[in-house]
Structure formats: C-alpha cells, structure tokens
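Following this line, the structures themselves.
Here subunit A shows up in two complexes: once beside subunit B, once beside subunit C.
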Partner chain A sequence: MLRTLLSVMAVLSALATTAHAQSSIKIAILGPMAFVQGENHWAGAEMARDEINRAGGINMGGRRLTVELVKVDTNELQSVPDATNAIERAITRDRADFLMGGFRSEAVLAMQEVAMDNKKIFLGAGASLTKLGANVEANYDRYKYWFRISPTKDTDLIRTVFTILGSVAAQIRTDLKKEVPKVAILAEKAAWTEGLVPAVQKTLPAMKLEIAGLWQPSDRATDVTAELSAIERSGADIVFTLLSGPVGIVVGRQMGERNMKAVAFGINVEAQKDEFWSATAGKGQFVSTLDTFAEVELTPKMTPFVRAFKERFKKSPAYNAATYDGIYILKEAIEKTGTMNADQLVPFLEKMDFVGAAFYTTFDKRHDLVWAPGKTAGIAVQWQDGKKVPFWPPQIKGMQPFRMPR
Partner chain B sequence: MLQDILITGLINSGVYALLAIGFSLIFGVARIVNIAHTAFYMLAAYCFYALLVTAKLDVLVAGILAIVAITALSLLCYKIIIEPVREHQAAVLIATIALATIFQELMQVGFGGHYLGIPSTIGGAFTIGGMSIPWQRVLIIVVAAAMLAATWWLLYRTRLGLAIRATANDREAATLMGMNADRVAMASVAISVALAAVAGVVVAPVFVVDPRMWLAPLVTMLAIVVLGGLGSLKGSLIGALTIGYVEAITVFAVPAGAYLKGAIALSIMIVVLLVRPEGLYGVAFEEER
Partner chain C sequence: MYLLRRAWANLKNEILVLPSRVLVALWVLGLALLPVVWPDPYILRIVTMTCLFAIFAASWDLLAGFAGQVSFGHALNFGTGAYASALLAQNLGLSPWITVWVGALVALVIGLATGWLCLRLRGSYLSLATLALPIIVIGVLFAFPNFSGGELGISGLRRLTTSPVGNYAIAAIAMLVSVFAMWLIADSKFGLVLHAIRDDEVAARASGINTTRYKLAVFMLSALFAGVSGALYSHFLRVAGPSTLEVALSFQAVIWGIFGGAATIYGPVAAVFLLYPFTEWLGNFERLSELRLLIFAVTVLVILLFMPRGMVSWVRDKIESVCPRCKARNGAWRRECRLCGAGLHGAFAPARRAP
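Right after this comes the complex of A and B.
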C-alpha cells in the first residue's frame, strides 16, 4: 500500500514539474541581493518580466510561456562559496532554465564552472574579467553557454576610458591653455587594476599627458588625505581613477572637502550609483566616471527604459540592470528558434544583432560584446550639483557639457 | 611634506588611540579580549547616521544619544553573553567574534549593503603650510585629545578609577578590600565601549559607514595594543601614535605603495615583539600591577 502511494506521489510530482516547465520559463537572477548590484540585477529583470508577461509572454513555437524569475542571493561580495552554492541551488532545486547576473569576477568565474557543468545558458551582467570570455575561446565545447551582456570586458573598458580621457584632456588644453596636462593615477590595489596600471602608464605619454605620479590606496581605505595632499602638490590637472570599492566615495568626498582644482575621471564604480551624492555628503561635485544608463539616445530604448525604471524604483539603473536586455535577448532567441534547448540557442545568440536598452548587442568569438563607442562602450557621466550629467559620447542626443572645478 | 605627515599622522593616531585605549582598558581590568570592540564603533556610526540623517535630530543630541545607546547595548551584551563565559578566555574570544558578526549582519539587513555618508558636522577647511585641513578633521583630533584626557582623569583622579586600577592590579586583593569586581568590570566595559562609540560618532562624517567598517580598524587596533603592551594604556597611546605616523609616512614616502601601510605597521609590531615580547610598555604595566 505504502509503495503504491509513494509511486502515485512520484508520478504526480513529475507531472506537476512537467506542467510547470511547459507553462513558464524559469530564469534565475543571480546577484548580491543585499547590495546595489543585486538590487539592479533584480529590478531590471522584474521590469522585463512584467512587460513581457503583460504582452502575453514568450511565444515558443506557438505556445505562450510566461517569464518566471527566481531571485537568487549569491552573497558573492562576502563569500565566493556562497555564490557557487546559490547557483547550484538555482539549477538543482529551483530548476532554472536560464541563469543571469553575477558581479564579482572571482565569484562569477566559480559560478561559470557550475553553469557549464550543467550546460545552462548563463548571461553575465556584471563581471568584466577577460578570462570569462577567454574560457569560451579556449574550450568552446564546455564554455559556449556563457555570454557577457554587460559590461564590456575589462580591456575594452579601459579602451573606453582612454577615449574619454582624450576628450577630457582636450577640454583642459583649451580651458587652461596647457598643452601637456598632468595626470595623477589613483588606482586601488586590487587584482583588476594589476594589468591596467602599467597600460595606463604606457598610454598616457602617448596621449601627450604627463604622469604626475601613481598612488595606490586599498580599495577599502577610509582616508586618502595623504594621497590627495601629495596629488595636490604634484600639480595634477586630472586625477585618473581606477576605483571599484568604497574608497571611490572617500576620494570624491575628500576631493570636494579640499576644493581640489584637479578633476577626477576614470572608473569609479561607487560614483555610478545614485547614492554617491548622499554618501559623499554632497561633496562629490565634478567626479566623473564611466556609466551605462542615462536619459540619452544611445539606443532608441535607453531613455524610455531609464524613465520607466526611475518611475518604478525611484532611482536610476546601474549597469547590472542590463538583465532587462538579457531577458529580451532570451525572448528573441526562444521565439526565433522555437526552443529552450541550450545547444540550439547558442548558435542563434552568437549571430544575434540585438538593440537593447543598454547597448547594440553583438557577440564576438569569446561571447563578449563587440566593443564600439556609441554602441557598447557605454557613456560617461559627471556629478554636477547633485545630478549625474551624461557628457560622452558627445555626438549622442541628450549629452551635456563636461565642467571643470575651476 | 613634513606638515602633511604631522597632521595626517595626528588624525590617524587620534582615532586609533580612542579604539586601542578602550580595548586595552577592558583587557587590563576584566581580562576580556573583546573582538567586538570595533563592531561597537561601527554600530555607533550607524546609530549616529540613523538619528542624524533619518530622524533628523540635532548633531549634538544625535551624537550623545548614539554614544549612550551603544554603551547601554554593550552592558546588555556583557551581562547576557560575556559574563557567563568570562572565566574562559577562548569562549570569550569566540563569543565576541560571533557578536561582531551578528552586528555586521544585522546592519546589513537593516541598512542594506550600501555605503552611507554623513554630512560634515563642521563645514569648511583652513590652510596651514600649504595644506588644506577640513575642520571636521580638527574636530576628530580635539575630541580624541579631550576623551583621552577625560579617561586619564577618570582613572587617576576618581574613586572609580582607583577601583579600576586596583582590580586591574590584583582582582582578588581588590575584592578582599571590599570592591565589587563585577561592577568594576562592567564600568570598564562601559568606559571602553563609550570610547569606541565616540570614535564611531566623530569619524562617521569623514569615513564611509558600511557593515564591514569594523574589520580594518580591528586589525590595526590589535597591532597597536600588542605593540604597546597588552593592557597598558600608556602603551596603547604610544602604539597608536607609532602606527598612525608609520602609516602617514608610508603613504607620503611610497605613494604607489600606499596600500602597504597596514603591512608595514604590522611588520613594525613584529619587530618590536621580537625585541620585546611583552610589547613596548608590557613591563611598565606589570610593574603597575
């Protein structure tokens, strides 16, 4: 009797799973949900889910499937093992069909392995480490299920930064009538800046920029008074930042407190967030950084997306909110191929030409975004009187002038 | 550059001294290695943020309330968590690590993982020797000096201070002389955490408030107290000045190696320990006892 009951329960359970899989597409959104990156992963995905489901869902070979999201807190900023456990859970317990998100490179590397073991399509929306894409090239059969939808890989990020730096330097040459502006390099000591710092030191002289010095505080430094004093004394016109940790806030705040004449530009992840202004207690004036979203017409979908995001969440989207595009990329791929089979979707994604809210997405052989200013290189913003003002690429409609502190 | 080093080193040392002296005091009196010490500093910064920015209270009121609230919380934690295991140092160590982690997680749940900023309580800056110094940083130095003076006065000019020093010297003898060692220990916990809370409140407008802000000063503080001699207040002050200035000199002398300031400070601690295993003032402290 007991055996019969158990058999019936097993059959019912299997039927329920099958029925569930047929009515919806389950997408696991992976991110550090207590942090701004995870919040944006989730918010972008929620927006796409609601829009798609309101419009009737995803049409897979004539069958309408709703988008179902699974919120997976990877806690990756504090623990890489937590991240691998979370992705395992998403695959085995939540039975996610697709995986999306990730932020911290070390954690995403580990999660990539789990996803590839399970042959699940994983759209990365946060980590820039080159190795993630290099894996695809080195061992295609294993890593072909990985695609990076945001941001561009780290070496392309720095190409973008140099391009923008060139335009900032040109403005300084005009405004200050100084042919060779001085640049202080302020790079946090972290794995991701290791390769970038020598590249910056090599490239700046070629751009007719004089290097005033290199300062490398910890990414969690709470005080950079000493560094900024020395930078002031060096007579630098630009503080070129490579900062991803909370030190980015400290730098912005203390530069404001000291009324420094140099302008900060580069990568400052904290300055991309709306909370930067209040975190610097209103002292982050003129800090500028690479960013992804603003109310500009980089793509036709960007301004409507940013406005809807602000309306719904009362803040601007960060680059992790590109999960919004990720879900639409999956929708288009599933609808065009009529399947959720990963091996059939991969060739389609490789040839895809997708216009999203963040970028004009096309993938290279490493499944990285093909770098192109005005298409995938993102934008640059500057904090001006409490607002993030977009200023690059200047030819895009909606861009505003870059301002110098003096 | 000299004036840069002098000012920066003084600011660093002031905050470190507030933390290290409190930590040393509680160890000297109650033999408690309170790993949660800097977690109380973090809690004070959050409490100050909540009262000042969220509840929009006056700066002074918010600061005092934050210090009082965190000190009261520390007494509660002492009674419930630490006192029952106080005689077992390993258990105290583990219990305080757990306590600090719980506080960190609670702040993360309550405030999220966001980095928070508190407006300067005193705006503006002045220039000395070509160096711009915000008034907020001067406030840190002044408050640190005032609190250290007040602690010295309390320890050496009051009956409570006498009881604290007596208990630190010889707990059994102090008990036989009619002093309530448990109450003295509680008073030490309160003074110690109040100093950490003051540090949290005065640095919050300069630093970034986040749930993990207690970790970096914990390592530095442990280095200072070991360098100065565990339990020695004078040693903690000298240790704080040493580490504070070593960090400042490192940043100015080796700009590209600014991240090494912690490692260099810790290396100096190791060198001192190799020469004097009891720390700089370990012997003096033993003599005091």
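Right after this comes the complex of A and C.
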C-alpha cells in the first residue's frame, strides 16, 4: 500500500515537473541591476515578455509557451566572481533555458565560459569586446552558443564613429568653405581610450582632417577650462570626444558657457542619457554622440518601441534595452525550428535575418552583428534646444539636420 | 584494531575535549561530504570560491595579524599569482598544474620585493605604501596591453579539471593544506617571533632577533599563499583580469581578517565561510540583491561593534576558557583545567590525588 502510494506520488510529481517545464520558457536576464545598464536590460526584456505573453506566448511545435523572465543581478561592475556565481545560479538553480545580457567585458568573458560549459545560448547585450566573438571563430564547438545582439563589436563602433565624423566634416566643408577642417581630440585618460587615440591620430589625416592637438583630462574631471581654452586657441572646428565618465557633462556645460564655435562629436556616454540637458544646466547645446534608439525609422519597429518604452518607463531606452530584440529573436528561432534544443537553434540563428527594434540583425561567422550603416551601426544624436535630435544616418526617415554652433 | 583504538583515543582526548576543535572537525567533515550530499554545481562553485578566498584572507592574517605588517594592498600578491600563472599558460602553453606553482613562486618574489621596499615603514605609512603597489601594477599592465591583455586581462585559460566536483576538490584540498600550513607556521617558534615583532619591534631586535630577516620571510610566505589562491582563481574562472588587483579586493581581505579575528588564521577563514556565502545568498532575493553590499557593510559594523576582537575570537571565548596556570584551553563547562587541574572561573582547584 505504502509502495503504491509512493509510486503514485512520484509519477504525479514527475508529471507536475514536466508540465511546468513545458508551460514556459525561462530566460535569465543578466546585468548589473543596480545600474542603468541592468535597468535597461530588464526593461527591454519586460516589454518583450509582456507583448509576447499577451499575444498568446511562443508557439513551439503547436504548444503555447509563455515567456518567464528571471532577473539576475550580476553585480559585475563591482565583482567578476559575483557575475560568474550569478550566471551559474541562473543555469543550475533557476533552470534558465536561455541567457541574455552582460555589460562589463571582463565579467562577460568569465560568464561566457560558464554559459559555454553548460551549452546554453547566451545573447550578449552590452559588451562590445571583439574577443567574445573571436572565441567563436577560434573554438567553434565550444563557443557557438554565444551571439552578440547589441552593440556591434568595438572595432565596428570605431568604424561607425569615423563614418559619422566624415559626414560632420563634409557639412563643415560646405558650411564654412574650409577644405581641411581642424579636429581637436578630447579623450579621457582611461584604459579604453589608450588604444583608440593612436588609431584616431592615424586615421584623421587620411580623412583630410587636420589634427589640432590631443587633450586628455581625467574621466572624473570637474573642470576642463584649460583644455577648452587651448582647443579654442588651436582654431579647432570639431572637438572629437572619447568620453565615458562624468567629465562628459563638464565638457558639454563648459563648451556651452564659453560659446565655443567648435562642435563636439564622438562618444560621450553621459550625453546619451535623458538627464544630460539638465545636468549641463541647459548648456549642452550641439553636443553630439553615438546612440542606439530614437524615434526614427531605422527599422520599422524602432519608433513604436521607443514610444512604448518612454510611456512605460518615462525615459529613453539605452542600447542594453536590445534584450527586447533578443527575446523576439529567440521567439522566431523557437517557432521556426519547433525546439528549444541549443544545438538545433544555433544553425538557425546563424542564418537568421531578423528585423528588430534596434537593428537589422544578421550574424557573421563570429556570431557578431554584421556591420552596416543604417542597419546595425546605430544612430548619432545631437542635443538641440533641450532635445536629443537624431541626425545620422541622414537618409533614414525621421532624421533631422545636424546644426553647427555658428 | 590497535590503530582504530588509538584513533578513537586521539579523537576523544585531542578533539572532543574542546568545542572549537569539534567545530573544526565538523567543518572538515562537511567539506569532505559536500560533493556527495549536495552535488549542486552552483553550491560547489560558491564553496570553491569561498575556499580560494579563505586562503587569501588567511595569508593576509599571517602578515598583518601575526607580524603586524598591515597591508592594504594584499591583492598585489593575489593578482601576481593570477597573472603570472595565466601568462605562462597562455604564452608558453604550459599545463596549469605547473603554472599555478610558478605563479605562486612569482608572487613570493614580489612579496620579497614588497617587504624590502617597505622595511623601513611602519603603521599607517606601511599600509599606504602597500596600497599603492597594486595600483602601480595595474598601471603597468595597462601600459603593455599586448602583453597583459590590458583592461580585459587574459581569458580562455585552461582549467585544472573540467568537472565542478574536481574543481571543488582542488580548491578545498588547497585551502585545507594552506590554512593548516599557515596555522603551523603561526604556532611555531617562527610565529612567536612574529608576535614579538608585532608587539615591540625594537625590543625584539634588542633581544637579538634579526627582525629584517623575519619580516622579509613573512612577506614572502604570505605572498606565496596569496599567489596560490590567485593562480587557482584565474584557472577556475578562466580569466585573469585587473579585478584581481583591485583595491576593493585588498580591503575584502582586511574586512575578512578583522571580522573573523586577527592573529588567529582560522578567524579570517571562518569569516570568509560566513560572509561570502551570506552575500551570495542575499543575491537570491530580488529585493535584497541590490542592497547586499549595504547589508554586508551593516553586518560587519554591527558584529565588530559588539565583538571588537573579531567574531571567531568572541565565540571561542564564550565556549572555552583559558587555564590561569598552564594557559591550556578548556571547555567553558569545566570547573578545573583538563591538563593541570587548576581551578577555572576563579574556583579553587581540588587537591589532586597522588598517582
């Protein structure tokens, strides 16, 4: 009697487990959740989950599966071991079927190893390090489960910056009738700019741009008067910025206070945030930077996504919110292949041609986004009268003219 | 049969007589049985990391707790072990079973250099000087990115073994051997000299002790063990990056050391075994995970407020007492010393019957 009862209970619990496993797809969203990057990872994923579940979930071989998200705080900005522990927990404890997110390159490298150990598909949505994709090429059998959905790899980001710089320089040539515009390089003193500065110095002359000089303040500098007055004296037309720290706000504010004639363009992470205008006390006029999302038709889905995001979260999405696309990529792959088996999904993802909210996604042999302006290279925005105005690629509907300070 | 009887006698007379020894025995038994009773890869990963950090924390205690050379840059030795092992494995294709040892030896040499540089410094000056060293090394690594991997470090390293149980076993054995070795060193005549140097270096020198030699030796030994933990860490995570040299990691060692109880070796080990899984456990709760650093800091502050000599020392004082005559430790319940029969807790010793 007891044995029968135990057998029935075992069968029931097994059935319950199977039923539970089949009723939803668990996706772990990995990010530094106390920081803006993790918030965007989670917000983008939440939007996709709610839309998909409202529409009936994911159809896997005739079965309807809901999307279940697991919020995983990797604490990766402060501790690499915490990040690896978090991803291990997501895989072995939370039983996540797929992994998505990551931001700090050193931590993502370590997390990639754990994901590959467990043969889990990991869609990167934050780290731009080339090595992550190079691993796929070097050891395909081990790293094939890694795909990068946002942003493009670091070398492609630089290609984008130079492409936009060329476009800005062309406008200066026309407006100012100056054949060789002068460019001042303003790069914060940080490890990530050390490799970039020589590349910029080498490339600018080839683009028929004269280098006015190189200035390197600290990424946390609270005053850049000396640098900016020297740049003014140099007669620079463009201030090419490579700034990720709070110095980006100081540069924007003090350029506005000095009514500088040069225009700032490049990478300025602070200028990507909605709070930039108020942080510069309204002086950040004409500061421009790379970005990912705006209300433009880079893809047919971008404007509706950005509007819905702003309505729900009261702020603009950052590039980490591409987890939204990541979940739709998985949905399409699962529905087309009818399986959640990673080994069967990988070949499908490799050949996929997906139109998302951020990009037209296709993957190369390293499972990186195939770089193409107007498709995966992102956009450029300029602060104009308190608004972040998208201006590049100019042929895209919704783009507005780039403005010069004079 | 004789051996069994002798083992039981040893167990009964050496371990079961003191609650702290019973706790240590249970802890070792728990570590040995963990992969059998709870083979969850996540748990094994947490305990593996805990074991590696326990070596690191204990090595700081050897230097700071026993010798009084309070280092605020102990991550230098951890990072040196990690980078040296990683670079050798990556560039020369050597097996991690070899590079871990070489990495530890490189850390030992760096420890010697640190000790030599800081010989004339004491107190807060020594602490600040040691704080600067890993920052300088990070700067050097960033200056040669082609060699060191720059801000991303060296990745794709080979593991010592591929299975979670194997990795756990290596870390646990390395931790037990290292901690036991450090405890033996601290408990030896060498440890006694370190105590003397910490309490009054001038007096120690006046007593004929070559304090320079002892200080250099402890810098080297401490660096060696920290280097072992760093090298094992890099091969376990498969990454050796600048985070292994971060100031935050150096301060973690200080926090673990002070929290558990300095100059004990087992104190920092216990602190790591309590605090590291605790903060990880907090990460399991969505609402608490973002507050875990705050909770960690408050916990440490509260414990140190009520247990200023460290938690383990406080607990040990509660469950054991020291004989006023022979200084042997006894269970707190005993009224007379288990070795000399002297009265404990102020009680008079009963007259001992002649044998």
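What we mean here is this: the second predicted complex is superposed on the first by the 386 of 406 C-alpha atoms of A that agree within 3 Å, B and C clash if a C-alpha of one lies under 4 Å from a C-alpha of the other, contacts with A are read in each partner's own complex, and residues count from 1 in each chain.
One rule holds in what follows: a residue touches a chain if its C-beta (ideal position, glycine included) is under 8 Å from a C-beta of that chain, and two chains touch if they have at least 3 such contacts.
Note that the structure is predicted; figures quoted are calculated from it, not measured.
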When subunit B and subunit C are modelled together on subunit A, clash or fit: fit
Which superposed partner A:Ala86 touches (first subunit B, second subunit C, both, neither): second
Contacts of A:Ser105 with subunit B and subunit C, given as first, second, both or neither: second
First, second, both or neither for A:Lys131, with subunit B first and subunit C second: second
Partner chain(s) touched by A:Arg159 [first = subunit B, second = subunit C, both, neither]: neither
Contacts of A:Ala226 with subunit B and subunit C, given as first, second, both or neither: first
Superposed model, subunit A: greater residue contact from subunit B or subunit C: B
First, second, both or neither for A:Gln216, with subunit B first and subunit C second: first
Partner chain in contact with A:Lys375 - subunit B first, subunit C second, else both or neither: neither
Contacts of A:Val36 with subunit B and subunit C, given as first, second, both or neither: first
First, second, both or neither for A:Glu257, with subunit B first and subunit C second: first
Per-pair minimum CA distance [subunit C against subunit B, superposed on A] in Å: 6
Residues of subunit A at both interfaces, subunit B in one complex, subunit C in the other: 34
Subunit A - residues contacting subunit C, complex: 33-34, 71, 73, 75, 78-82, 84-86, 88-89, 92-93, 105-106, 109-110, 113, 117, 129, 131, 135, 191-192, 194-195
Residues of subunit B touching subunit A in the complex: 1, 4-5, 7-8, 11-12, 108-109, 112-120, 125, 130-132, 134, 136-137, 203, 205-208, 210, 212-213, 216, 248, 251-252, 255-259, 262
Subunit A-touching residues of subunit C, taken from the complex the two chains share: 40-42, 45-46, 49, 142, 145, 150-153, 155-156, 162, 233, 237-239, 241-243, 248, 280, 283-284, 286, 289-290, 292-293
Touching residues on subunit A, where the partner in the complex is subunit B: 32, 34-36, 39, 77, 188-189, 213-218, 220-223, 225-227, 229-230, 232-233, 246, 249-250, 253, 257-259, 270, 275, 278-282
